[in-house]
Structures are given as C-alpha cells and as structure tokens.
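Before any comments, here is the structure.
The chains carry the letters A, B, C and D, assigned in the order they are written, with residues numbered from 1 in each.
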Amino acid sequence: MTYDIVIQGGLIVNGDGAVEADLAIQGETIAAIGLDLSGRRTIDAAGCYVIPGGVDPHVHLQMPLAGRVSTDSFLTGTVAAACGGTTTVIDFVTPQPEQPMLEALTRRQAEAAEVAVDYGLHMTIPTWHAAAEERLAQVPAAVEAGCATFKLYQAYAGMMLDDVSLLRALLAVAQAGGGVVLHSETGPVLDFLRAQALAEGHTSPIWHAHTRPARLEATAVHRAAELAYQAHCPLYVFHVGCAEAVAEIVAARLRGVEIYGESCPHYLLLSAEEHLDGPEGHLFVCAPPLRSHEDQDALWQALADGDLDVVSTDHCPWTRAEKTQPDFTQIPGGLPGIEARLSLIHHFGVAEGRLSLSRWVALCCTNPAHLMGLPGKGVLAPGYDADVVIFDPEREKTLGVDSLHEAADWTPYQDITVQGWPRTVLLRGQVIVEDEAYVGQPGQGRFIARHLD
Amino acid sequence: MTYDIVIQGGLIVNGDGAVEADLAIQGETIAAIGLDLSGRRTIDAAGCYVIPGGVDPHVHLQMPLAGRVSTDSFLTGTVAAACGGTTTVIDFVTPQPEQPMLEALTRRQAEAAEVAVDYGLHMTIPTWHAAAEERLAQVPAAVEAGCATFKLYQAYAGMMLDDVSLLRALLAVAQAGGGVVLHSETGPVLDFLRAQALAEGHTSPIWHAHTRPARLEATAVHRAAELAYQAHCPLYVFHVGCAEAVAEIVAARLRGVEIYGESCPHYLLLSAEEHLDGPEGHLFVCAPPLRSHEDQDALWQALADGDLDVVSTDHCPWTRAEKTQPDFTQIPGGLPGIEARLSLIHHFGVAEGRLSLSRWVALCCTNPAHLMGLPGKGVLAPGYDADVVIFDPEREKTLGVDSLHEAADWTPYQDITVQGWPRTVLLRGQVIVEDEAYVGQPGQGRFIARHLD
Amino acid sequence: MTYDIVIQGGLIVNGDGAVEADLAIQGETIAAIGLDLSGRRTIDAAGCYVIPGGVDPHVHLQMPLAGRVSTDSFLTGTVAAACGGTTTVIDFVTPQPEQPMLEALTRRQAEAAEVAVDYGLHMTIPTWHAAAEERLAQVPAAVEAGCATFKLYQAYAGMMLDDVSLLRALLAVAQAGGGVVLHSETGPVLDFLRAQALAEGHTSPIWHAHTRPARLEATAVHRAAELAYQAHCPLYVFHVGCAEAVAEIVAARLRGVEIYGESCPHYLLLSAEEHLDGPEGHLFVCAPPLRSHEDQDALWQALADGDLDVVSTDHCPWTRAEKTQPDFTQIPGGLPGIEARLSLIHHFGVAEGRLSLSRWVALCCTNPAHLMGLPGKGVLAPGYDADVVIFDPEREKTLGVDSLHEAADWTPYQDITVQGWPRTVLLRGQVIVEDEAYVGQPGQGRFIARHLD
Amino acid sequence: MTYDIVIQGGLIVNGDGAVEADLAIQGETIAAIGLDLSGRRTIDAAGCYVIPGGVDPHVHLQMPLAGRVSTDSFLTGTVAAACGGTTTVIDFVTPQPEQPMLEALTRRQAEAAEVAVDYGLHMTIPTWHAAAEERLAQVPAAVEAGCATFKLYQAYAGMMLDDVSLLRALLAVAQAGGGVVLHSETGPVLDFLRAQALAEGHTSPIWHAHTRPARLEATAVHRAAELAYQAHCPLYVFHVGCAEAVAEIVAARLRGVEIYGESCPHYLLLSAEEHLDGPEGHLFVCAPPLRSHEDQDALWQALADGDLDVVSTDHCPWTRAEKTQPDFTQIPGGLPGIEARLSLIHHFGVAEGRLSLSRWVALCCTNPAHLMGLPGKGVLAPGYDADVVIFDPEREKTLGVDSLHEAADWTPYQDITVQGWPRTVLLRGQVIVEDEAYVGQPGQGRFIARHLD
C-alpha cells in the first residue's frame, strides 16, 4: 500500500517505549508504523525523534484580567505552540455572573476562531456559579458539549470557593462524569498575609513568595483532596511548585483519592531566590510563586517517579510594562512559556539525565491527552490523529524574544541555549511547521470535545 | 521531723516511675517522699497506689446551650470528680458578643463558687470575638488573669472560625504566650452533609456519625496544625476520636508543629455501631461522634506510644429527656463521664495490659497538668500541692446511676464492673474523700491561674 | 506492500498500551502495525488480544536433582509452554565441581536440542565455583556466550553461598556486565530449624512452611540487596512469596539498589493453609513455601503497583510418586505450571480486576524480556521477532492433567476453569500452535544469547 | 528524723523530671527526698544538679588483646570513672576455649578486686563456646551468677558467630532469661574488604572507615534483629555509629523486635574526616569506625527522640605507642573516654540544646541501669542505692591528659573545654569524690549481680 505521507528513518518514541521504524499517514490519521513503508510523500527523520504532537493542558490565551488581556492571542499563542511542537492546547472559559456556561463556551470558541492548533476548553466554575444550584445544574450540559474538566479555585476573589462551595462543585462535576482541575492555594490566608506585608511596608516582588508559603500550598491540596474523596471526583492539581505539595498528592493517592498533578517549566528551572528576588523580580510573579532549588529537585524527582503526571506551561504572558507595578500585589501573575516546553524538558530533563526519553513524551504528550480526555491525541499508533513532531535532538537553539514566536516582549528563558528542537510538525496529517518555520493556516485548529473514560 | 500527714506503705506512682515509699504532707504541700516517715496523722496505703490527684482538662459544668444548661452544676460535677480521684478540672468561659473577656471570666468564677476541687478556665474566642481586632486585643489580659489557654472551634455556628479568623486568633494567643485548645472538625462541610441527610429523610442517631466522617475530622486537624505552625502557637486538639486524626497529629509533629492531642473514655470504650446505632442511640450523640472498634484500638495504641498525650472526659451531661429529640441534629451533644475516668482507664488500660501504670498517671494527671500550665499539680514530689489519691487496684465497683455522684439520670457505663477505685482523696493536704465518701466542703476548691512555660 | 502474514482485527496489547490494528509479519520479524494491512496469509483475530509471545524467565526442565530428573523434558516442557502462549523460556546450566562453565553450557545446549520454543540459560555459580577465583574468572566468557545472568543461592548445601562468596560472585558478575538472579532464603538457619523440627518429630508437609518463616525470606533479600549494592550488581530476586520480602525489595530500591522481583502463580493462588496443610500437602512442597492469603493480596498489589516486575513459573515438576516421601525434608521441591501462566494471570489478574491488560503483558512478556536481556522479545513493534499470541479472552478452559501438555501426573490447578486461552501462537513468524493444538517442530526453538543493556 | 547525710538545696534530676528538694541518705540507701530534711552531715548542692550515679554499661578494663592489655586497670579505670561521676560500670568476662563460664567469671572477679566503683560483667560467648552445645548449656548458671547479659559478636575471628551460631546463642540466652549485647558488623565481608584494600596498597587509617561501610553496620543489625525475633531474645546493640544502623533499630522495633541501642561520645563528637583522616588518624581507630557529621546529627536526634536509649563509652584505651602500627589493620581498636562521658553529654547535649536535662540522666544513668538489670541503680528515690553525683553545671573544665585520671597517654578530647563537671560523688552512701578529688578506697566497689525483669 502507498500512504499519503511516510516519515522515514526516525526513532518513534511513545510514552512507554521507542522503536526504529517508519510512520505512515493516511488523511488525518496515522495508518501504520512499520519497516520500509512507502508513501506519496516521504519526510526524512533520520537522526530525529518522531513523537506525538505535544499537549499543553493549561494555557491562558487572550485572557481578560482586571481590564488587561494576556499578551498572546489565540493565533499568536498557538503559532508559538506549533513552532515548539505542541499541537493541542487547553484554555479556559469563564462565564460571567449571569451568563450560562454554554453561552460562554460559544463566545470563547468564537474568540478562538483563528487558532493554529487543536484546542479544548476547561469550564471555570467561579464563585458566583458555585453559589447557585441552578448554575451548577448546567454542568452536565457543559460535559456534553465537550468540556470534560472544570476549573475550580481555592484562591482569588471572585473565583475562590470555600469548602462547601468546593464540595458542591465537586459533587456536581463528579455526577456529570467530569473531572476537576484546580488552582490550589489557601487563598483567604494568603490575602491576610499579603495585606499584613503591605501594611508593614513590604512591596518588593520577593514578598510575593514570602506571603505564599509552600506549606499553605500543600495544605490547600490536602483539603481539596479530601473533599474530592467525599465527592468521588477525579482531581488534577495545576502548577505544583513545591515538595510539600507533591508529598500531599502522594499521600492522598495512598489514601484512595484519584488525584493527579502537573508542574511547569518555570517551577523546574527558576527560583524565588534567583529570579523573584533578582533585578527584574517583578517579571517573575506568578502563583503559586517560584520556590527553591530543593523544590526543583523534588519536582524533577516526582516527574521521573510518577508522583507527578504532566508538564504544562500555565502560559500567561504580560508585557514588561504591564508587569511594572508599585507593589507586588498589583502585578498581574503569570509567565510566558508555551513555545519552549518540549525543548526545555528535553534539554534539562532528558539530556541532563533526569528523565528517560519515554517519560518526556509521557509527561508532555501522552499523559495530558489521556488525563484530559482528548481522543486521538498523545500516542503514535494506527488510528490516532496524525499529530506528529519530528524533533532533532542535536539542534542547538538559543531562546530569546527574537527566536521565539510568543508575543510578549520578554521571556524568562532569554539567552538559554537548549539542545533539541522540533524541525517539522504535523497537525492531523498536515505539515504546519517545516524546517522550524510556521507554514500552516490560521483557523486550521479545531475545538476538540473531551470526555473522560 | 514529724509531718502533718504521712501516707504509708503504698506504691507511689508518678508519670514516669514508681517507688515503694511513704509520702509526707505539711500544710497544703508534699514535704517528702521517703522511707519510714512519721506524721501526726498516718494514712495506711498498703496494697494501694498513691498517685497525684487527677487533672481533667476538659469539662462542661452548668454549661448553657440553646436554652438548656448541662446537668451537672459546678458543685455536683466536682463532687463526682473528687469521688473519682480528680482534684483539678478545667472548664470554660464563653464571653457574650459584647462582653469583655475579663468580665466574662469574673462571672464564670462566681458561678463556680461552690466548686469542690481546684479548677481552671479556658477562655473561648467565639466567632464574634475573633472577628474584631479590639476583642482579640483582650487576649493578653486573659493570659495575665490565668487563662493560659483559649478554646477555638472549627465547627458550630456562632463559635466556628474560618481559616483567617483561626489564624488571627492563633497569632493573638501565641503573641500573648498562651496556647490553643481546639474543637477540630470541618464544620461547614458537616453542616452541608447534615442538611443533605435531613433532606433525604434520615433522622436516626447513626446519621450523626454518617454525616461526620472521620476523614473530615482529620483534615480539620491538618489545616489547624498548619495555621498553628504559621502562628507559632502551641495547639492542643480536644477529643481525638479516630485513627485518621491521630495520624495527622503525628505527621504534623514530624513537620515541626507543636501539637498535642487528648482522647476521652467514650472514644476508647464505646462505638458508633454498638451505641449510636443501638436501641438508645440518641443518648450517645456527641461530637466528634463515636467511631469504630478499629479506631478504639488505634487510640489506645496512640495513648500508649505517646502519639496522644492526655485522657480527658469532655464531661457534658444531659438528661434522658433532653436527649430525646425528633432528629439527630436537635440532640444536645455530650456524654457524662467526669467521675469514672481514672478507674476506667485503669481497668481497660492498665489491668487489661494496654498501658503501664506510669503511663496511666501520665495521661490522667501529669501530662494535662503540664500541658495546661497548672503549677503544683500532676506530680508527687516535694514542693507540689498535696493533691493525692489513694487508689485501691483490687477494689471492684459496678458503675451506674446509683453508685456514681454525677447528676444525670443515665451513664454510658451503666452496669460495667471495673477493677480499681479511689479510696481516699486529698486536695491540698485536706482529705475530701474518705472510704469512697465525699467529706469535703463546697467551695473548698480554688481557681488556679495557669501559665504555660 | 503485501506481507507474508497479517493478523487482522485484534486488539494489539503491549506492556504499555493497546491499539486496534493489524499486525504484519515478514519472514521472522514484525514488519508493521497498521490499519488495513494486507498479507499473503491472513489470520483473523477479531475479538482477541494480540500479545507478544510470553517469556518465562525461570523454568527447570529435565533438571537433575539427587538422582532424579524433573518430569518435563526440554521437549515436553516447551510444547506445554507453547500451548500456553510462552515462546521463550530461560532454564539453567549448573557446572559440575571441576567442569568449566562453557563446557557445561555446551552440554546443556545439547540437552535442549529438541526445544519447541526459543530459550536462554542462566549460568549457576555453585558453592564450589564461587570458592575458587579461577572459576569466577570464567564469568566473562559465559557473558560473552550469551549467559547474561548468573544464578546464585543463599540456601541448599552445594549451592549456598555465604556472604563473602556471595559478594565475590556479585563482584565478578558485575564486572563482566552481567546480572544476578537469586534464590533468596536464609539457608543455614532454615537447615537448623528443619533439623530441630525433625528432632521434635514433626514430619508433615506443613512443617516445610513452619521451618521457613517469611521473615527469614525477607532478611535474606535484605542482605543480598546490600551486598549487590556494594558490588554495583543488578539483582533479580526469584520467586518472591511474601509481603515481607516485597517490603525489603521496595526498601532496597529506595536505598539505591538496582533490584527487581518476580513472583509465580502458585504464590498468588495457593496457600500454606489450604494446600500444604491439605490432604495432599506433600505435592505442594516448594521453596520458598506457599504462604498466606494476606501474602497473596500483597503480591497482587505489588505486581499491580510496580513493586514486583515479573510473573515466572519456577516450573519444576515431579510425579506423585516422587513427591511421596517419609518426611517433609525428603520431598523434592517444586510445582508444575509452565503452561497455564498467561491464562491464570489473565483470569485471576485481569478478569478479576487486579491488573490492567497492559500490566498483564508487561509482567508476563515485556518485563522479563527486558530484564533478562532478550533482544527482539516481549514487544509487538516493527523489527521485533514475530513471536505472537492470539489470546481469546472469552474462551473458557478447565485445567487438568488431561487438558494440559505438561508431563507430570498432577497439576496444582486441577479442575480450575479459567477465562481466556491462547488460540494461535507464532514463533518468529511460524505458526506453532493453531486452534490450541501444537503444530510446530521439535528443535524449532533457538538458543538466544542474552546481553544486559 | 535525722539522717546520716542530707544533700541540700540542689535540683534533683531523674530520668523523667526534676524537683528542687533535699536528698537524705541512711546507710547505703536513699532514705527520702523532701523539703528541709536534716542530717548529721549536710552537703551543700546549691546551684548544682543532684543526679543518680552514672552507669556505663560498656567498658574494657585491663582487657587482653593479642598479647597486649588495655591501658586502664580495673583500679585506674574506675577511679577515672568515679571522678567523672560514674559509679557503676559493666565490663566483660571472656572464657577461654576450654574454660567453663563460671570459672572465667570467678577469675575476672578476682582481677577486679581493687575496683573503685560497683561493677557488673557481661559474659562473652566466643565462637568456640557457641559451637558447642555443652558450653551453651552453661548459660543458665551464668545468669544465676548475675551475668544477665551475654556479649555476642558478628565480627572478629575467634569471636564472630555465623547466623546459626548466633541463633543458637540467642535461643540459649533467651531461654535462661538473659539478654544479648551485640557487636554488630558484617564481619566476614569487612575482612574481605580489608584484605582487598591492603592488597591494593592502602594502609592509612582512613581505610579503616572505607572498609567498614555504614550500610554493612546496618545490615548486620538487621539480620541480628531478625534472629533475635526468632529467638524471642532481647537485643541491645552496642556502639551504634551511623544513621543507617539507627534506622534499622527503629524499623526492627516496629516489626516487633525487642531491641535497644547505645551510642558513645566519640561517635557523637568525632568524625572520620576530621580525626581518622587527620594527622594522628591511627589514634582514632575503633570499630565500628568514626562516621560523618550527618551521622552525628542523626545520632543526637535518635538519642533525643528515644530511638537510641543509652550513651556508653566503650572505653578501651591503648597507648600512643601501641596505636602506632604499619597499617590500619594492625592497630588495636578502641578509644579512652570513661571519665568525661557525663560531662561531654551535658556540654554538647544539654548545654547546646540537643537534650533535655532529664534525657541526659535517662541516657547516662537510668536507662543503662534498667536495661542491664542493675537493681538499686540509676534512680534517685527512697530505697535505691545512695549512688549520687553533685554536678556543677557552671564549672568549666579543660579536658586533657593532665586533668583526667585515665591511664592512657592521650585522649581524643584533649583541650576541649566543657561546661559542667561532677563536684562530689557518693557510692552507696560513701563520699568517694570530694571537690573533684578521689577520696575513696580501692576495692570499695562491689560486683553487682544483674537480673533482667
């Protein structure tokens, strides 16, 4: 048989093993993995890894926040994602106080019209929706519409759910067959500590970390895990940044909670001491805050051991101007990072010996696809979507505002030289990145309806 | 030298060892422990244990609750305590919304005028006081006045503190050099579960346990421990009733929290299955609820190993009539038990091989005196108050409404025959129980100002 | 392209995932996994699992022991293996006192001339070889010849190595790039306990278990693990039968030891109480002995969690006559089981919900191939040997002497009805079992030279 | 009553608490602890701690070893002990190959005729005695004669017991109601590593540590603990020097083994890096070897937490000349230290905040007396032996060959200034040290027959 496309001579790496073989694509789908396959078009992958398109389950594109909008649009952000080897992202829908979930979903999908890669949406349940039974009654329809996961917060005014609201939301989601993704911090106590710090005249960025102690991140995880247990709801903890939170996830799992955790490159590579307390500390404000080198070690270990399951980016860029504020409490939180994820984790994880090749793929592609209920994603096997990355492990690339496609005027990874970068990227059988250049069409991505097993 | 009183020939048991010797008293004070001491009055203790007067750090005498008052007055309750070998109790002051702490203290002391044994008072910080900085500002004065410990609640409308209020109260107490004693349950979630159960038509007493799952007791301990850590405040957890809460105490201690825990005879000896779900289940409603046999085993083990520190009674009696209510949420919570504590723990602990003799004394006398900052109590040594119990380990006694001095018309321990009972009890050098009969004077007890190390 | 053989319509299950696709074979090798593949011969696998040929890393065929020879020859044993879906076995070479390892290897290979499936050989280092430096000097040549793993014993006269011999052997193996497979029991102490039991008149089979306490299995693992750590030698523990030994393996791994463990169906399914102490207890003597139901649960959990890595059979059959002896110390140890392994683990593991489908394949095929250094085995992927089993998960089969191909006149699994059985088996592209009947040729199997990564 | 002696005005410290009171002595015995006691002789202890005479359960006085004898005689060693506040020591009897235990005991008692403090003797069971049933049959007579504890070795030719001999000895001791004290190292493997190191030309003292890795100390503890469990024999581990061995003791205790552990000042205060690898490294050879600073921290923590029970000295002095040898394997092992134990542990433990006052007394006095079955020792209470130390916590003393009474011409603690030193010491009511000067009579000490509970 002659296939549409055959990727030849690479090492095909899945989340659980690797094989030297060719990969054949027919239409939008992977048709075969085999020896000596032939296609109308062949792409040479000799010396490269052939991996599933990356899945980033946690991004914030053109996100409105207090009158600003996060720097990357759906278009610029997903072009950057594509160039970095990510072919599916999951963003958020946040319904307004009186807005039904499905209406908010439709609007958000409209905003994403020009998306360059496939995408899904988490449905946020803000304070106002969690407070009203009739709004929680919309949860099954949202699940039906492909929002398999619901974003809950334990921090931030307007979003924050107290224990009872959290439990009610967890019950509603569990009953509808969905799952919860959680921003887990002990919000009210942090607000108290922040006010206290400001009152004492502390304004510098490092106080962002001082007022968000790691133990209060961990204890938030603990209580959410116990409520998830009561509700029989799967719980996925966003942006785990410290050893203490990892320990709570592991302990909860042993107590029978269905719980998962992700970390992000900035928690693995940046630290409070070096960055938040550095000369441009204000740029590095994100929540939970950057932590210590010991935490970095613990996170890498947890990713390697299976205590954490995913590396996402929590991509949420703001410009230098927006990041410059009178005190740490006014700085919009979030860092850019959507493009370099696969490469950073390859370089600091695989090349530096912390992760196996397969674990890298598991963390960045297979696990997020599986845990987020993305059908056809995250695996290179016949019948799966032909989202494929040809990753050159020898390519050296220096990261920076100029070399990246992200819209912000800064990057936390400026001037870092990484080993390994995607050469070619396919989205459902179409080449969208060729020789590191974006060659796709805006709007080529699709909304992917997600459903948990 | 000839002493006022010499107790001869007993085995003097302290919290950390025992010695066969005489004990001499001069005035209100222990003067010596030695061989062949002589006194103007001698009391024969041959075949008996000579132990420090019991300290019960958690009792509710003539406590107002929703228009009722708990059954035992300060007089009847402390006479029962004395007959059971307890010479110091700690009760509570609960200031009204607009009432200053010191004023409430003075009133409560007035109510306790006829007390038969020495007593201290925990100062409650209700919701209304925790909410107002100027009322938290009264904490140092309360410490000064001898209320070294403050009662906080994580449950019950009117009393319940949310995380921020809890932290603020802990900070205020820590700063004043006090400590916190805590009713630890995840109150808001329990209220939700209770309402849900009622709505589903569940009214029977066992639903009191079903709607207060052990894991939600444990998670309350977890969060309180972490807030106490932030506040650098010593935390003493009242009425620990389940293995999960013990585990959280142990884990918190390993994380550097200064935390202590008590259990009570009813958690050690009664169970949800047998009692709350039994024919008179309504009588056995208390919070946290009775648990399982496995929990009983875990609690005994924790008391033996040092994971828990104290056995108190949480004595809070109501009459059969008051306990009879249309549904489980309307039953006033609490069980009587002030009198038989020493004897029950001796029988089921020491005689049945779960505790050593010294551990029994540590749990019932020495540790509560030490942890509650009671000067001169809990130890038999020169210079300490001559609060002494001559306990006959061979005496068999059948417990029941007739044999006990408690005021309620029922007891959870009806018809249990225990081995070991106090024969003679001295309060600061005065015999107040002789041959098991109360021979003291109402009002003989004193308020003991307490101060932590 | 048209392949030699295409297996159509099955669920292709590997150790880490499953996909619905066709599998194509060219010559001895898997050529492709894909959709709609076409071949000169097609085999219908609809409704079936298509899995890698089973790998049994621990069998004893025609093994000489004290004047007897174990019941299955290389031919009968491997035909039984083939019928059960196992296409590679690893047996043993045991050099005589004066015999060089390579000479012993050649002789053993000659004995295996009629083998029906592929096979490897562990090289035993008996007491006499470990005692002599010049014999340990033969280790590199044995590695070179494809014996990547060396069998050491901590029990049995003639085989048993004391700590120093064990360390010296571990050092020699590690230096040659090999690995150790270990019979781990505290042999000398067991011999003492056995002699003591006999002296006290205990002869019945259950005393085989009484004199081999689980804790002495575990402590042998502990000490071997520490010596392996000193020698930097990978250690694979044979026939783990108790929770205590699992715990030692887990703990050793956390201490940095490269350690792996296998269990066997009889430890998972049979117990000392039911079988060794049953009416035909003598049949069930093996070492380590059968344990308790609690141990069974712990072993299943360890297999599911990754604490244990492999299920082998330790197939070592003796006839009823040979098993009938005057006392438990004279019974030749070992049970048959080579044929039903895949099916038993499918039935009691997968069908009863203890293991996932992929974990079953990992334990029985992928992991033993990988850990034993078998190239081309244990995975269904292009380039691997076309050792394939078409396993019908709905087929019900009643095990017994009549339905199995093993040579012994009894089986521990008599009259057990399992769900799931291999319908068709291919060895390197050749069908050797068709419709459950053996259709291969004696001698079709090959010696596989093994090399660890 | 007027007592013979009253010690006035000190803080009486026991292993579990302290009280300000007087201590009265009548004859050889403590008669009372009380306020305002009067005696024919009074000793002022104002500002001092009054503690039980120290108990050192592990000393080697005039010990023959390979043609040498350890430097301190029973007289010089016990005078030094007395000056340091130790009033009871336990030394060893080692029967010769053909010598009955009781005969060896009598001879050793004769050698100890001039002892200055009370003493006990551990009965060693050397290889030759463990090998012969008729010699193990002497164990009950040794217990009867007051040797409640038996010294076993897992290292050293002539002493070393293999697993079976160890088990047989443990069984014999347990059956006789005795206990085992153990030198726990993996002897045969250490001998192999030492020979290997010598063969590679390593002779310097630090190789003493390199060839005795901590993990092989720990694994010896593990195996001995398991054999002790089989034998139901209490096990007391001598000279625990590393974190790994502590962990094994803790784990064994959790598995139900009755196990105790001691450490020694040199493991707490000296390190391999600083001392064994220092300019006079040969002086610091002892077994197990000195370890790391991390191990020191772990040992202090274990002593504070109750994971270890005792601080002994393993006093075993050799002269500088004897310590000077061509290679590390020829250096006689052991360090002096009998005199400064109480003071070193007070200074580095209590004064530096690692141990409470009571824990210091528990470790140095109460626990060794209790665990070694010494009647009347280790506690200040009526009826106990009047072995009393008046310890001045403010006294500063610089340790050194000149200030100490030990016979060796060096001390590991040369020029260390400690805070706290014994001013006055009484042995059974007789002052034997006054104002830091020895004023007793040689031979004043008695052999104390010991019996475990």
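The rule is simple: a residue touches a chain if its C-beta (ideal position, glycine included) is under 8 Å from a C-beta of that chain, and two chains touch if they have at least 3 such contacts.
Being a predicted model, the structure only gives us computed values, none of them experimental.
Peer 1: Counting residue numbers used by both copies over all numbers at the interface, does the chain B-chain D contact come out same (over half shared) or different (under half)?
Peer 2: same
Peer 1: Going by average Cα coordinates, which chain is farthest removed from chain D?
Peer 2: The chain lying farthest from chain D is A.
Peer 1: For chain A versus chain D, what separation do you get between their C-alpha means, in angstrom?
Peer 2: Each chain reduced to its C-alpha mean, chain A and chain D end up 60 Å apart.
Peer 1: With chain centres defined as C-alpha means, what is the inter-centre distance between chain A and chain C in Å?
Peer 2: 43
Peer 1: Indicate the whole-number Å distance between the mean C-alpha point of chain A and the mean C-alpha point of chain B.
Peer 2: 51
Peer 1: Where in chain A do residues touch two or more of the other chains?
Peer 2: Touching at least two other chains: none.
Peer 1: Going by the touch definition at the top, which pairs of chains touch each other?
Peer 2: Applying the touch criterion to every chain pair yields A-B, A-C, B-D, C-D.
Peer 1: Would you mind writing out the residues of chain D in touch with chain B in their complex?
Peer 2: 1, 14-17, 19-22, 24, 26, 29, 31-38, 379, 381-384
Peer 1: Okay, in this complex, where on chain A does chain B touch?
Peer 2: Contacts found on chain A: 162-164, 167-168, 186, 188-189, 191-192, 213, 215-216, 218-219, 222-223, 226-227, 229-230, 255.
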